[in-house]
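You will see chain A twice below: alongside chain B first, and alongside chain C after that.
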Partner chain A sequence: MKHANQKLSSFYAWLLAIPALVLIGLIVVFPIFYTGYISLTNMNIFNWFTFRIVGFRNYFNALFLFDSGFLTALFVTVLWTVLNMIFQLVIAFTMASLLNIEKLKYRKVYKTLLMFPWAMPGYVSILLWKNGMFNSQFGLLNQWLERLGLEPVRWLANDVSAFVSSMVVNLWLALPFMIMIIDGALQSIDRSYYESALIEGASWLKRSISLTIPAIKPIIGPAVIITIFTTFKQFDVIYLLTQQVGSKTGARIHTVLTYAYENAFVTNNYGYSSAISMIIFALLLGFSLSARYLSKGENE
Partner chain B sequence: MKKLERIGLFILNIFFITVCFGVMVPILYAFSVSLNAGNSILGSDFSFIPRAFTLNNYRAVLFDQPVLLWLGNTVILAVSSVTISMLVAVPGAFSLSRLKFRGRKHIVKGLILLYSFPAILSMFAIYRLLSPLGLINTKIGLIIIYVGTMAIFGLLNLKGYFDSIPGEIEEAAGIDGANTFQKITLIMLPLAKPALIVTGMMVLIYVWNEYIYAITFMTGQSNYTLAAGLYSLQATEMSGSWPVFAAASLVVSLPILVIFFAIQKYMVSGLTAGGVKM
Partner chain C sequence: MKRIITIITIFIIMLLPVGCGGSGSESDEANRAVKLTIWHDKEEGVAAALKEELDKLKPEIEVNLERKSGLTEALKLVGNDPKAAPDMYFFAHDKLGVYSEMGILTPITEFISEDELLNFLPMTISAATYRGEIYQLPIYFETLLFMYNRALMKDEQVPKTTEELYQFMQSGAGGRFGFIEQHSTAYYSAGWIHGFGGGIIDLDGTALLDNEETIRALGYRKKFVEMMPGETEYATVTVLFIEGRAASTIGGPWLVPTIRQSGVDLGFAKMPVVSETGLPIAPFSGIQGLHVLKVAADNPVKNGAIKEVLTLLLNPDIGVAMAKASGCAPAHLLSYEQDEIKNDELVMMMREMAESAVPMPNIPEMDVMWVVLDNLLVDINMRGVDVVEACFEAQKRAENLIRAMR
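== the complex of A and B ==
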């Protein structure tokens, strides 16, 4: 009797989960396998139907041909992720610490205003930055330069200034989340912790390094890991600022994601682009497994 | 000492006012341009408070451009996607959270790993799969994509919340003779209301803000969503429909701003859904 019951409840469990799992299978899992299959072919715009299997040639081209552009894109992506994370953590920690100074009255107002970049639809903000701030004709930045008597700058036209501009926009978008996470963590620290440190006359920097940061580390850990992933996977900022189809700005910076996108939808190298996608997926799986492994080790 | 503290606080307030203003500049600038009559944006005498006030740009957005049509498309996509997402995610998450069955742990682990996969990478494969089915350039195609993409988020987010609700209440209901359906509808759903609202709103925000599938899979202005339409309205380096674009940007953002600030305190848990315990 018990056995039959168990079978029935197992059947129910599957029945309830199946619709969601089928959808995920169709839209997430199957396309990944299909991408894997395309990556082994020479499919492109001329071979839409007449493609054939070429083995691992696309992977070889991506990884070992120096001028393929993929390794450069990977390097740029890593640089992008590292720089963004450093700036994000330092700025967010400073801002959150300042917001938590005890007698600050209008904290709530400031917090609400600081949340705006997060609340706005991301692509709208990026387009507003592109058309409002960076535009070389009527952008606000160039209006300011003009007022100072300086020559206008084409912010998005060369690689370095486009990279820096993209980073500014990305920080603008991402900082509110990080500030809020660190702010929440700071508020959860027991105040009595500090009192002895204060009595001993430890400076703010010293307290931060030896007390605050170790105390908030486990709390902000998961959010930081997730942010590392979203930064690595950031597509919208660089794509919308510099390489929209039909209005490229001249800069040629690629992250791995914009690189894969360009090879699929602009130059129509489907096989090659799929190989790139699979390599990125393998990298992300690797990161995510090792992040889990590391965080597990820390908890035990 | 007191005086020193007051000066410190004063400087701190000045600092925050400056930072907040700096952060808001792109939005304030768009706002001011959208309300400004005349061409003063091209001169160097720009100010954040418009000299000559006009609502013409907003009128142009609403009546000269097919924005209302795009709004209609977006609303249809958003409502359908949210409804279907919830219909599949709620029972699925209940099953993963409450019912013991073989393979459950593996499914959850698999979902967490898949969650790190950027949807944009398989866009071409999805295009090639949907195209023989005649689902390219249709709303149904986009709805399937949106629901499938957000299903993992929905499952993990709701499962995380269901896990935090103690099981004793349902057990008691089970003793009183409630079946699984009744346990979900009469006990779980009322308790999980905040999580349901947040999950639904996150799907809504995702659909509202999604542009890359919408511009790649949909052709023809009449099929555009708000995001795709706004994308097409952008001013290029040379042409100057920038005031209209600024007005449109703010109109499109307004509903999302309202939703965001209404559910703000839940947003963090929503964004860290991938971090649920296995």
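== the complex of A and C ==
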């Protein structure tokens, strides 16, 4: 009887989940399968409505894209992800800790201000940074430099400074999310632990390393993994700041996605572009599975 | 309560025929009218001018203008779907090769004869032609112009040749920058390449980035680029010019209202002639006009209405109205006989430019050339890569992408 009840309750749970599953299926799963299907066809503007299956020909052609340029882009993407994550976590942790100082005045005002970049459309923010801050003729940064009697700098013109500038913009856009998550996690820690630590004379650093970080790790873990993937497949920040057609700045930094865009997606060959998308998807999947495997191992 | 509901129901039922009957004839006419939909991406003024003209076809034909963001991609997705596709679209000519290859366009000569197009500027008709068929009814066009700030460059100082321009830049007479343009953008650089007799891509889809003329053009232009700011995207060029920090520029008519509003005493001049070749800088031009979708042309009900629309727009008056609304130049030659066009310095300068301007290639392969040429210009102008090496490398990239396209 108990078994039958359990079965019924499980069936009921699945029944309730069906609408969400259908939605996820339509929005997430179907496009992946459809892209996989298109990648096996010769769909391009010359065979737009009359495309046919051509097997793995597009995958074979796509392999030519994975040249030294792609490997450099892959390296840049990994570097971009690692550096962004390190800075994001450190800055967000510091900011969230400051927000949690006891008896802090105007806490809500600070929180609202810190959330502001999140409320702005990414496209607008990026272009504001490009023209308002980094522009060599009118940008705020160069105006400050000029006031100090220094030569103006073309922030987005060479690879290193463009990479750093892109990172600054990405951090500006991404920090609100991470601060919010860490702030929430910090508030969930029982205050009595801190009281005990203080009685035992633990410093802020000691409390952070031995108490705060282990306590918030399981809470912020999923957010960190999500952010890693968002950062890995970042397109708009680097593209709009440095690579946008008609307003390129001179830097030649590419992530895998901007590289694929310039070398495949502009061709209007959907079969070929889909094959490249599937390969990048496989790369991300591998990355995701290994991240999961590693985090599981750590938890065990 | 029941009685009240019954009374209200009867009252509503009684009102229904009155409501419909009140506008019976209008409604019948509206039902009889052939309804056409035109997608466009134009500003309100242009759309209003077009709508005003098309409303002359009422009540027999009712044309609905629908502003569509992402028009080009939307057409790719639904261009052959009679339920979702528009009947016509109003857009620049440069995508018609793509849509023609996709099989979603019908030549306009199925509705109007080629003779009726004799009064159009030859440049606009050649732009509308793809593989021997005319796919667009040209309405107006835009191209780049040489503009100068009279406060910084006197009329007699306007350079006739590129060497004169260079000397002016060197002299420092024009303030901080004697001349600026979007030097590392394909659209703006094409004029210099054409001025050397070179090109970007030919009609067969063969990239021309490694030909001698293109290499010479990009090499020659470098000395001008060195005297311009490093960043020269649209916003920077516009602000430098309207703030009086640059004496002259090459820009499109879309820039003119902003410049005039800023109080700059704006002058227009012919493009300087390239001193080394004797040819003028010949920029790209974009021709805006009406295209007919195949799904609509195949519909016997709509077929006649489409013919009416195209015939109506053969009238030179629409060119005038649209030119006034857009600040661009009419495609119809007879429009230039009207005083309001004759007296418009900007439009007449564009008319003059039509003699040398080169329509953007309308072949599908051009889609990849924008990116390749932009990168080539960045390599040469901003990254200091050797011109010949950069051109050969870009040619290889273009060939690979064109191959991938097919």
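Note that the second predicted complex is superposed on the first by the 209 of 300 C-alpha atoms of A that agree within 3 Å, B and C clash if a C-alpha of one lies under 4 Å from a C-alpha of the other, contacts with A are read in each partner's own complex, and residues count from 1 in each chain.
In the analysis below, a contact is a pair of C-beta atoms (placed from the backbone, for glycine too) under 8 Å apart; a residue touches a chain by one contact, two chains touch by 3 or more.
None of these values were measured; they are calculated from a predicted model.
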| message | Contacts for A:Trp204 in the overlay, against chain B (first) and chain C (second): which applies, first, second, both or neither? | response | neither
| query | What's your read, chain B or chain C touching more residues of chain A? | reply | B
| query | Touching A:Leu289, do we find chain B (first), chain C (second), both, or neither? | reply | first
| query | Does the superposition put A:Phe56 against chain B (first), chain C (second), both, or neither? | reply | neither
| task | Tell me which partner A:Leu23 touches in the superposition: chain B (first), chain C (second), both or neither. | result | first
| query | Is A:Ala264 in contact with chain B, with chain C, with both, or with neither (first, second, both, neither)? | reply | both
| Looking at the overlay, does A:Val124 come into contact with chain B only (first), chain C only (second), both, or neither? | first
| Between chain B (first) and chain C (second), which, if any, makes contact with A:Ser247: first, second, both or neither? | both
| request: Mind working out whether A:Phe75 is in touch with chain B, chain C, both or neither, as first, second, both or neither? | output: neither
| message | Which partner chains sit in contact with A:Phe138 here, chain B, chain C, both or neither? Use first/second/both/neither. | response | both
| query | Across the two complexes, what residues of chain A are contacted by chain B and by chain C? | reply | 131, 135-138, 247, 264
| message | Considering only the defined contacts, which chain A positions touch chain B in the complex? | response | 9-10, 12-14, 16-17, 19-21, 23-24, 26-32, 34-35, 38, 95, 98-99, 101, 103-106, 110, 112-125, 127-133, 135-138, 140, 143, 146-147, 172, 177, 180-181, 184, 222-223, 225-226, 229, 233, 235-236, 239, 244, 247, 257, 260-261, 264-265, 270, 273-274, 277, 280-281, 284-285, 287-289, 292
| Residues of chain B defined as touching chain A within the complex | 5, 9, 12-13, 15-16, 19-20, 23-27, 29-30, 33, 41-42, 44, 46, 87-89, 91-92, 94-96, 99-102, 104, 107, 111-114, 116-126, 128-129, 144-145, 147-149, 151-152, 154-155, 180, 205, 208-209, 211-212, 216, 227, 230-231, 234-238, 240, 242, 245-246, 249, 252-253, 256-257, 260-261, 264, 267-268, 271-272, 274-275
| message | Quick check on the complex: what are the chain C residues that touch chain A? | response | 76, 80, 98, 101-104, 182, 184-187, 229-231, 233-236, 239-240, 364, 367-368, 370-371, 374-375, 377-378, 382-383, 400-401, 404-406
| Can you list the chain A residues touching chain C in their complex? | 44-46, 48-49, 61, 64, 131, 135-138, 154, 156-157, 245-250, 252, 262-264, 266-269, 272
